[in-house]
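Structure record follows, encoded as structure tokens.
Chain naming follows the written order as A, B, C, D, E and F, and within any one chain the residues start at number 1.
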Amino acid sequence: MVTTVTRKRVEILIDSALAPRLIHAAADAGIEGYTLIPVQSGAGRGGRWRDDAVSGASAKSIFLTIASEEKAARLVDALAPNLDAHGMLLTLSDVEVVRGERF
Amino acid sequence: MDIVIATLSSPVILFFILGLAAAFARSDLTIPEAVAKGLSIYLMIAIGMKGGVAVSKSGFTPDLAAAAAAGVALSFALPYLAFGLLTRFGRIDRVNAGAVAAHYGSVSVVTFVTAVEILDRQGLGPAGYMVAVLALMETPAIISGLLLARRGERGDGDRAGGLWHEVLLNASVVLLIGSFVIGFAAGAEGFAATAPLFDGLFRGLLCLFLLDMGLVAGRRLIETRALTARAAALAILIPLVNGAIGTLTGSAIGLDTGSAAALGILAASASYIAVPAAMRLALPKADPGLSLAMSLGVTFPFNIIAGIPLFTMLAQRIG
Amino acid sequence: MDIVIATLSSPVILFFILGLAAAFARSDLTIPEAVAKGLSIYLMIAIGMKGGVAVSKSGFTPDLAAAAAAGVALSFALPYLAFGLLTRFGRIDRVNAGAVAAHYGSVSVVTFVTAVEILDRQGLGPAGYMVAVLALMETPAIISGLLLARRGERGDGDRAGGLWHEVLLNASVVLLIGSFVIGFAAGAEGFAATAPLFDGLFRGLLCLFLLDMGLVAGRRLIETRALTARAAALAILIPLVNGAIGTLTGSAIGLDTGSAAALGILAASASYIAVPAAMRLALPKADPGLSLAMSLGVTFPFNIIAGIPLFTMLAQRIG
Amino acid sequence: MVTTVTRKRVEILIDSALAPRLIHAAADAGIEGYTLIPVQSGAGRGGRWRDDAVSGASAKSIFLTIASEEKAARLVDALAPNLDAHGMLLTLSDVEVVRGERF
Amino acid sequence: MDIVIATLSSPVILFFILGLAAAFARSDLTIPEAVAKGLSIYLMIAIGMKGGVAVSKSGFTPDLAAAAAAGVALSFALPYLAFGLLTRFGRIDRVNAGAVAAHYGSVSVVTFVTAVEILDRQGLGPAGYMVAVLALMETPAIISGLLLARRGERGDGDRAGGLWHEVLLNASVVLLIGSFVIGFAAGAEGFAATAPLFDGLFRGLLCLFLLDMGLVAGRRLIETRALTARAAALAILIPLVNGAIGTLTGSAIGLDTGSAAALGILAASASYIAVPAAMRLALPKADPGLSLAMSLGVTFPFNIIAGIPLFTMLAQRIG
Amino acid sequence: MVTTVTRKRVEILIDSALAPRLIHAAADAGIEGYTLIPVQSGAGRGGRWRDDAVSGASAKSIFLTIASEEKAARLVDALAPNLDAHGMLLTLSDVEVVRGERF
């Protein structure tokens, strides 16, 4: 099998309205590559939500990025103080990638 | 009383009630998001163009200038009143009260559209320029709301850029102003070729959209955890106060009955599109669940069912 | 034979055939889901309102009551017949046979709408109340199907709540009944303002929807792994039997030719919306692939192309 | 970097029609927070499927939840007997989260 | 000059400019994907049916055959010219130049539709069969582009199957040809019942679609990293050259002024639907960002605003 | 808790136009089961993209498959040479599944 290296998979559930700000924060942490995944509905401590399209304000997305451990740590440190106030849900895990130098 | 009967027997309102009822009965009926968003774009373009065409006929009149100035002033001023009620009677903290107040100073496009629909059937159709007033009232309240929420705090200069951009170029402002200008440029003749879409289908598509609004408002009300009894009461009291102020202002500056009623309904209505998005950016710590439960869950149905006939009757009395 | 030519030369049917052909040729043409769902909501509202308006003119007649009673009875009874055929000739196990039988007792809205469209052009338009019959026939079959599938087993009391809710408040029942009532309340006059949408565009939008149905039915047929030759044969035999029973019943209770044909087509049609969803909840072990391949992949095209003219001719013979 | 703790990421592909039941099952296992992600199409032993919108019955969603090991185990145990009959696909993995006490 | 004024004052074009402006101002306005895709399906069906109905009236004439042959020849030949310009002046490598050249040999449905709309208002409506020519011109260019890109390389036999399938049965070819045939079969009489949708709403829905096209083209232009100054210049030069060739060809084979202008506009237009998809499959190493920035970001707006009046005036001069 | 086994979770971001080809490649590697997840927008070395629906050519999807280590390795080996040219992003991670024999 081709050789792979380990990188961090950072998955952040965020209000779509705040996504542009998260993209900025990621760029500040040196992360340029990301993918946004649509989300349908969910529930948490704030009750249920669903994207009603009428008021875009309740739509959420998943911001997914593969990054080096160092960049991921920088991003997490930058976001940590606001995770709760901004209603974000952040998870980190290890993944293997082919040609890891681009992350 | 005609206006009450006209309101409650209009298919437009009946579909709204169907949506509310389906949501309360927890039916799984939903309008796909993309369709709902498409309908809302359609409504803004249609009403923008019709307003522009009307102004291309009537020209820019002193009435127009007076209504525009009154609209902007109301949008700036009304949040201060609402903020007082929210913090004192509502016991809501400063940041959340500022966010909610901004919603009530701004306006709801669909409430306006529904009102125009109902006023039209009564021979009280408001002037075409009221669409421009609608567009102008969307954003000043955001400034007032932020000033209130941040009173005594230093500004967040760094982020302001993105916010102003969002406020001035948000989708509904661009659509309303853009299609107003296109309607104005095209005039009645240019509009004719698009009339089967933007005029012919208007009422039917408004029925569909209000069905969705009923579902969305009803579900928001059921699923909210943020709405206290006091907040719910304010979500009816504030539009009553704002609507009365708006209608009286309209009458005082000499608008015709229909336009004065429309100004009242604009003042009474609360934003659930432009303002929530701006507040999410500017005051991320404010709870969007609270302001949407109030504006979308309570005030919107209240205005559609009771506010429109109420302020119309008020405008008729004092007109 | 007029009805055969009218059927096969109608743009509505031609678009269905285009969709089928594109699917069989494995073209990548697809109608976005949201658009398809929006169209199906439109069709239900339009037909509901038109039915309500018609009944607001004709009033509640004995015919209406007879047709409603016959429809409910057919929806309850037909699954028993289908179940026998499915288990014996089809060699399908009890749970799957019960699930499939429920589909065939219930109805397909689009089959009905297409039939009305074609009957109308022949001067055989069915009575307005047939829309109410359509709505009434959606759910009784679910009960029969479950009784058949669970025969000899103890009920699953715990889950029944969610199921009844799903059955009685599912989206299509809410839309059909809701807009029937709105059409009835608004009457011809109230309907007029929405007629450009709900009447004027009806045929054109039905073309688009049947294009999508052709694509969906064709793909389902190609991609299924669940459909045996015997099941495919039953997906033609059952609608033939049910449709004949329905048409004869309609004639026997004294319905006009168009309404009797419509009752036959309702009986022949198989649900692919309300029942699959209910069965997924109530009989999660039944394979949804089998019932959808039968109802959507085989029976729907069969009814659209052959069933509608067939039961119309039968109604004309015996009428 | 801010301290993180390990939690379970449970990802369940499920028929959209059955999602309300899964949400109930999760609540019974003590899991209140979840996110539903839309899914386009797929293939498995039952052949290909895609969401045709005509018959909502073939739509699927991904139910994603971050939960403590204990709650995740309770949920998996509750679902295991029906995974196959109900056509569910369940995976479990470890993720790091900030402020894990809420899960 | 009438045509310039007619172009720039048409609501259709004004909405396109609104979309462009909103994109450049970085407004967050977006039309939901599903709605945009639905509109594009609508436009293809509407124009296909109208063409078919027109040919059912006029019959198959020698003009039709000449125009079809000319269209196919142009679609095959034009990529060779474009390839030369792209590799020499544009300094683009062989694979990318082949991919881009294919886009310019093929056609843009919306450019055509907009041109017909504007020509119609000038009393220069092109012949109905030009829709068939449009459909025929979509794919030959793909073959030429591939031959150019792979010159000197051995073919990729294994993958060719999927490609041919994609090319001949892609959604827009199926829709255009399918609804052309249905329109032909249904004739004016059969079309009448669907006319409120496919004719009445056409202009209004085209406004909405061009609003979206303006947004998409503007954003593509802003966000591209692939577009060099030379490539941008070619994205204007190539359509000028191709459009002139197309218009002259149309005149030479004796088409009426409107049809000759339409052939010129087809030649000038560049594909951004069928060809990009085919190239992604056939030349996965070509950068789709480059060809879309050129065809959608530069050529499309150029044609809509300048190309349509230009080739119309040319056709009028030489006609 | 029910016993689980470890399998590979392979996640590939791919142009929707190339998905049929990827499905073929997976089948060649012995992988028949997969799920496609829609994607909204993103950014990478090629700049930002979003699905504009006008030109389907810029739409992307996530191809997700759970497979045995062996099959996953076969798929990764087959794809590795073209990952970059075809603009794919591939990640691999371990997940636990119930009844792993089907993968």
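The rule is simple: a residue touches a chain if its C-beta (ideal position, glycine included) is under 8 Å from a C-beta of that chain, and two chains touch if they have at least 3 such contacts.
Model, not experiment: these values are computed from the prediction.
The minimum number of touch steps separating chain B from chain F is 2. The greatest centre-to-centre gap from chain D, using C-alpha centroids, is found for E.
Averaged C-alpha coordinates put the centre of chain C at 41 Å from the centre of chain E. Put simply, the C-alpha centre of chain A and that of chain C have 45 angstrom between them.
If each chain is reduced to the centroid of its CA atoms, chain A and chain B end up 34 Å from each other.
Contact of a single residue of chain F with at least two other chains is seen at positions 37-38, 93. Contact with two or more other chains is made by residues 32-35, 37, 196, 200-201 of chain C.
By the document's touch criterion, interfaces exist between A-B, A-D, A-F, B-C, B-E, C-D, C-E, D-F, E-F. Of all the residues in chain B, the ones that touch chain A in their complex are 33-34, 36-37, 40, 159, 162, 212-213, 216, 219-220, 223-226, 272-273, 276-277, 279-281, 284-285, 287-289, 292, 296.
Every residue of chain F that touches chain A in the complex is listed here, in rising order: 11, 13, 37-45, 60, 62, 73, 76-77, 80, 83-84, 89-93.
Those residues of chain B whose C-beta lies close enough to touch chain E in the complex are 32-35, 37-38, 41-42, 45, 49, 165-166, 169-171, 174-175, 178-179, 182, 185-186, 190-191, 193-198, 200-201. Interface residues of chain D, counted against chain C in their complex, comprise 15, 17-18, 20-21, 46-58, 82, 85-86. Of all the residues in chain D, the ones that touch chain A in their complex are 1-2, 4, 7, 9, 23, 32-38, 61, 66, 93-99, 102.
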